[in-house]
Amino acid sequence: MQRIGVFVCWCGSNIASTVDVKKVAEVLKAEPGVVISENYQYMCSENGQALIRNAIKEHSLTGIVVCSCSPRMHEATFRRTAESAGLNPYMVEIANIREQCSWIHKDMEEATEKAIILGRSAIAKLKLNAPLTSGESAVVKRALVIGGGIAGIQSALDIAEAGFEVDIVETSPTIGGNMAKLDKTFPTLDCAACILTPKMVDCAQNEKIDILTYSEVESVKGFVGNFKVQIRKKARFVDEKKCTGCGECMQKCPSKKGLNDFNMGLNTRPAIYIPFAQAIPNVAVIDPEQCLKLKNGKCGLCAMKCNVNAIDYTQKDEIIEREYGAIVVATGYKPISLENFNEYGYSQYKDVVTSLELERLMNAAGPSEGHLVRPSDHKEPKVITFIQCVGSRDTSGCGKPYCSKICCMYTAKHAMLIREKYPDTEVHVFYIDVRTPGKNYDEFFRRAVEQYGVDYVKGMVGKVYEENGKLMVQGADLINNEQVVIPSDLVVLAAAIEPSPTVRKIATMVTASIDTNNFLTEAHAKLRPVESPTAGIFLSGVCQGPKDIPETVSQASACAAKVIGLLAKDKLKCNASVAHSDETLCSGCSVCANVCPYGAITYVDKEFRLGGGKTELRRVASVNPAVCQGCGACTVTCPSGAMDLKGFTTGQIMAEVDAICKR
Amino acid sequence: MQKLNELALEKAKTLLANGTVARVLGWKKGELGYDLEPAVFYSESDLEGFIYNAFSGANLSKYLIEESKKEGKVLVFLKPCDSYSFNQLVKEHRIVKENVYTVGIECQGKLDVKKLKEKGIEIVDGVIENVDDVTVISLGKEYNFVKEEVLLGKCSVCEKHLLSYDEVISLHDKRTPKLDRFEIVKKLEAMTADERYAFWKGELSKCIRCNACRNVCPACNCLKCVFDNDASGIASKANSDSFEEKLFHIIRAFHVAGRCTDCGECSRVCPQAIPLHLLNRKFISDINRLYGEFQAGEDDVTKGPLTAYTTGDAEPSEVFGGNK
Amino acid sequence: MKKISCENLSKLYSEIASLQELYLPVKESGVTNYKKYENGAEVDIKTLKTVKSAKDFFFPQTEDMMEFKVNGKNIEINDARKVANPFVIFGVRACDLKSFDILDKVFLQEPVDTMYKAKREASTIITLACNNPEQTCFCKTFGIDASNPAGDISAIIVNGEMLFEAKTEKGAELLNKLTCLEDAGDTDADAERAEIVKKSENLPFANLNLDEFKGENLMKLFDRPEWAELSKACLGCGTCTFVCPTCQCFDIRDFITNEGVRRFRCWDSCMYSEFTKMAAENPRKTQLQRYRQRFMHKLVYFPQNNDGVYGCVGCGRCVQKCPQNLNIIKVIKKLGGKNND
Amino acid sequence: MQEIKKDYKPLIVAFCCNWCSYAGADLAGSSRLSYPAEVKIIRVPCSCRVNPTFILKAFQRGADGVIICGCHPGDCHYTSGNYFARRRMSLLFSMLDYLGIERERTRVEWVSAAEGAKFSAVMNDFAKTVTELGENKRLEDLRCKN
């Protein structure tokens, strides 16, 4: 038998001036199951709470209804009150008779009647409440960072700094990502390598950080605090522990025709290589597609030359399984493929390059050792034309609908650097808009125009074609309202950036949601920008949306802060109001998992007794209470009613409906 | 069409004999010529009762929920419409697909016994079926009908085609329906709300809550229906009030929305001839209109429209298809 | 004997309706069922098998029993049974009439079902002979004569006229009040009745063999392996039980109203999976068991307890309405004995 | 159109999402923006928790109007709940309309926690609409009303 206590609050005069609180208490006392009904000036005050605590003990109450202000205000308070008196905190219901009653109604009779109905509704719900306990789960104090670009590096360093272990998983043979390829960075024009490589070295030297390069995440199981991840460490054919990075092998390798990815394919590299001088780890890797020994068994020069016997042609992929409490996705970006933009002649003319290729051409460690020459004939270009928004802000379907955000600034940087180093080179920029919000950004752009005399042409480029050894850039000059043709030596395309193609697979593995542009969705666009809606998954860098370096670094640190906050806990208290599947009703049809935003529902084959010694194996839904956030989407999708939401059960809500509709 | 029966029978015999399947799910002859019943055949002698003809209207797919759990493979004959239900049940993990040997079988529409009875036919001695017409022999007399006159409602608008099977038995192209599947839905939508209310009140008040529509429905495959579950808060055994008639049918239609393949069994079996499929078809028509064409059961993987969304979906205030 | 031309039947209906509530087969939304007569109703006396049978008059699908009014912590209990006003049912066929006898054996035995009894007593039944029995009719198997049902008044159509004969005092009293009827004179129905008997005799299921359905065979029948095949296609719906004129199972349920609880009874079906569900256990777990129960009840248990009277009247509704074409004929043919083919 | 009693006051059930419209109602309250007392709010974690059964049940029990309030599309606390709710309610309302039930008796509104004024305006408008419609006769259970 239920023993319910009702506590009607006056809220000073806030409630009592429009609601006859004594009458409410009196009428509700007559409700079946109610054994005590009190009213008091301030229920939330220490005295009010003491009154509730005493009543719970004295009358052995099984549940309480507090008729007071909004549950958003004091539900937590009264739950604690109940708990301190030995009652389960979820045996508390609030009837909102202030915000939803006394404050909006003037007529005392009307407001009192409504307060009584709201009280009855809360009593009706309470009668179906069940004591709930939040589950607890231990937290594995280790984080996984997927992606070793500046975002992943920064997040990893911050997490390690706080004392937690971090693994960085990077698909390429070195960490560093796109930033390692850059020459200078805006708006300060300091060299990218000078600021990035120390961080890379920090990573390598940090005891808490384990760098797994040339590796991919194979599968992710588990949930916040308890992820189990399989990582494929691809065969490098070089023993990482032995290799000293001396580079001898690279000199001797006879198969030198591989395209150098690090230089955007602008030059070649041997089959055994270290991507760049400052690579971390500074360890060679063999490209099995290119290596003569691996392809047809004839060679083995590198092994012969290696002083430390690091070469191992028999190495196999290795699967490592590790547990993590949190996962940071920092998979970064790549420039889009330009196959849809034939009008710019990228595939036809060697001297039409992307901005990232230009970075390599200008970089001292690049293929031309920092001397800006055209790829076709290695001559210095005298006229360079930049084309902005190649595939960005493109609603035609060929490109991307969003702004890639970084192009305006890096183009200004390129233009400025070129004019600085080669003052007699003409630089033109075709743009739609120049977007330069950010600290010192607009000043930077204006310097390019005003101080360095870069020619900005507002307008789109129609086509690029070759004539008399020149690349003719034909476009519109909207300000002078005329068609212009600029004969150029080098054309640079500001190609849009898109999320790394690996992100889709990773999003599926960690059940993070992804938007139509393949950017990962944040838990809340404004208030939770570095968390995925899936608990325990965090977003760092461009995988969440286009960003420049300073923004990426701040987000990476913010992300790390969230991870540290999670890992600092020994146990995670789960949400008590979670979905639950009644296995006797569940037919395993799997529609519920389709609507779960958190991937909290899995299906298991379970044995059920049929009687007569027979059993049946049946597929049933199982909700992970550590992951479920309690939205209830699954409950409505489930036709059999097997799925219900604790704290907001179908029965409870229908009881409220019944109580409200009784007149 | 008689040839189809022979081919199907032959197929069943062969597959039973060579051990490919342990049993056959098909249709069995009855007592009145038209009263075929779904049946499981275990041997060649069992198969003497097998028949596939113009009265093989019953959708066999739902029986596979039980049959596919048993030891050994089951051969099932699937008419085009049945195959959609089959796929849907596979998608919902209710059929163990590996245990089923599917044979798609040509169908040019099945006959409605109720319609034949209205034409004065009480017993059937034989049927000669052509693509567009049919001759029924009854008590020595021959009756010829244009298909539209005597087809089951679900068949006269059927646009379903054979999907993928282990094997197919088909001799002719499928006839194209001469009627529009959504015609009556559109008619109802064009009525005033008062007229629609009168129509549905008349129809739904006939309901005797025998649950035939639910129990035959391949989408209604819950282990226990909410309407049978006392704990659900909406359990009911009889329509005690006009509200319950509506509640049952609205909720049932809602529960199968996006999963209903429009197999039409609900209307075929209703003893009170309530056009229940018009409820499901309304949902289908709305889904097609609002969220893009969707045919449940066309494959066994695509997410249903109620478990998906786009950010630009229509608002509930602007979805009404019909008249006010 | 009295008579009226079939063309003037609406006059008769109006006149009876002016005296008492009149219920008769009416076609509405495409199906024929018993309905209260109202001017303009599409009366359908051609259809032999109304979808729902005439048992509804005495044993309706739902019926209120009592009411608990809850006010705070007080509960008040009220009788919710309705008073049965006198009413007339017109057009009851021989099979349905026979079903009343069967229902009487259930409901009028001690303890008497007061709700059933009140309605039974308030009724006046006008039966109607079946001029054209259908192929699915097999009342003759159960010894029912479709040509000459009794009731309070017996009616038959002969050459475009409907003839009436009072069979009880109650019937005679009503018949005498009806001014639209004329004296039948020497018109008689004997020839028509003979014709009907002959037609019935030639129906495919007129003489099914029921020999095996005997008490002493109970266990043997119960264990017959054929039940598996017979019940295989059964969906477990309640169609057969709800259209059946003799099925009499009900459940008692509570409905929560805005003021308390209303207790009512409603038909239940032994075909439903929850039918035998009890606190601890559901003894009939499979559809085979449930299917067997229904037919064993009609053909073995009921006659065993009721002087050999079968629980089936051969109306053929289940034959027509079963979604998957399962029916009692198939059961009788399989298990009833020889010569059933 | 049925005749409407003079002092007729409809009964309106409002299902409000805890994160937005329930908070919006609180804001309406603290801003003292009134709406009729006939509106009774049931708190749900998300508009996607609202089962069509709840809505029909409310009508059965004698509600004259049912309104579901959720977060603006794109703002769901659980990222996608209101999108599912939007599809479900669209189809349900269209079905009720198809059955001849007055379409004005049901409504979905997106009200954020900041939109106290909108909450009040929506409730006033809905109550007015339902009052003009009169009692719910087409989707009621007579047993509930004696």
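When the chains are written out, they are named A, B, C and D in that same order, and each has its own residue count from 1.
Operating definition for what follows: a contact is a pair of C-beta atoms (placed from the backbone, for glycine too) under 8 Å apart; a residue touches a chain by one contact, two chains touch by 3 or more.
Owing to the predicted nature of the structure, the values given are computational and were not obtained by experimental measurement.
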Result of counting contacting C-beta pairs for C-D and A-B, higher pair: A-B
Mean-CA-position distance for subunit D and subunit C (Å): 46
Approximate Å spacing (C-alpha centroids) for the pair subunit B, subunit C: 30
Between subunit A and subunit D, centroid-to-centroid distance (C-alpha), Å: 35
Touching two or more other chains - residue numbers and ranges from subunit C: 255, 258-259
Sites on subunit B at which at least two other chains make contact: 226, 233, 240, 306-307
Multi-chain contact residues (two or more partners), subunit D: 52-53, 57, 61-62, 74, 80, 84, 88, 143-144
Arrangement of touching chains [line / ring / star / complete / other]: complete
Subunit D-facing residues of subunit B, complex: 188-189, 193-201, 226, 233-234, 240-244, 246-247, 250-251, 253-254, 257, 279, 282-283, 286-287, 290-291, 305-307, 309-311, 313-317, 319-322, 324
For the subunit D and subunit B complex, residues of the former touching the latter: 52-53, 56-57, 59-60, 73-74, 80, 83-84, 86-103, 106-108, 138-143
Residues on subunit D engaged by subunit C in the complex (per definition of touch): 61-62, 143-146
For the subunit C and subunit A complex, residues of the former touching the latter: 70, 72-73, 256, 258-259, 285
Touch list for subunit A against partner subunit B, complex: 584-591, 594-595, 603, 616, 619, 637, 639-641, 650-651, 654
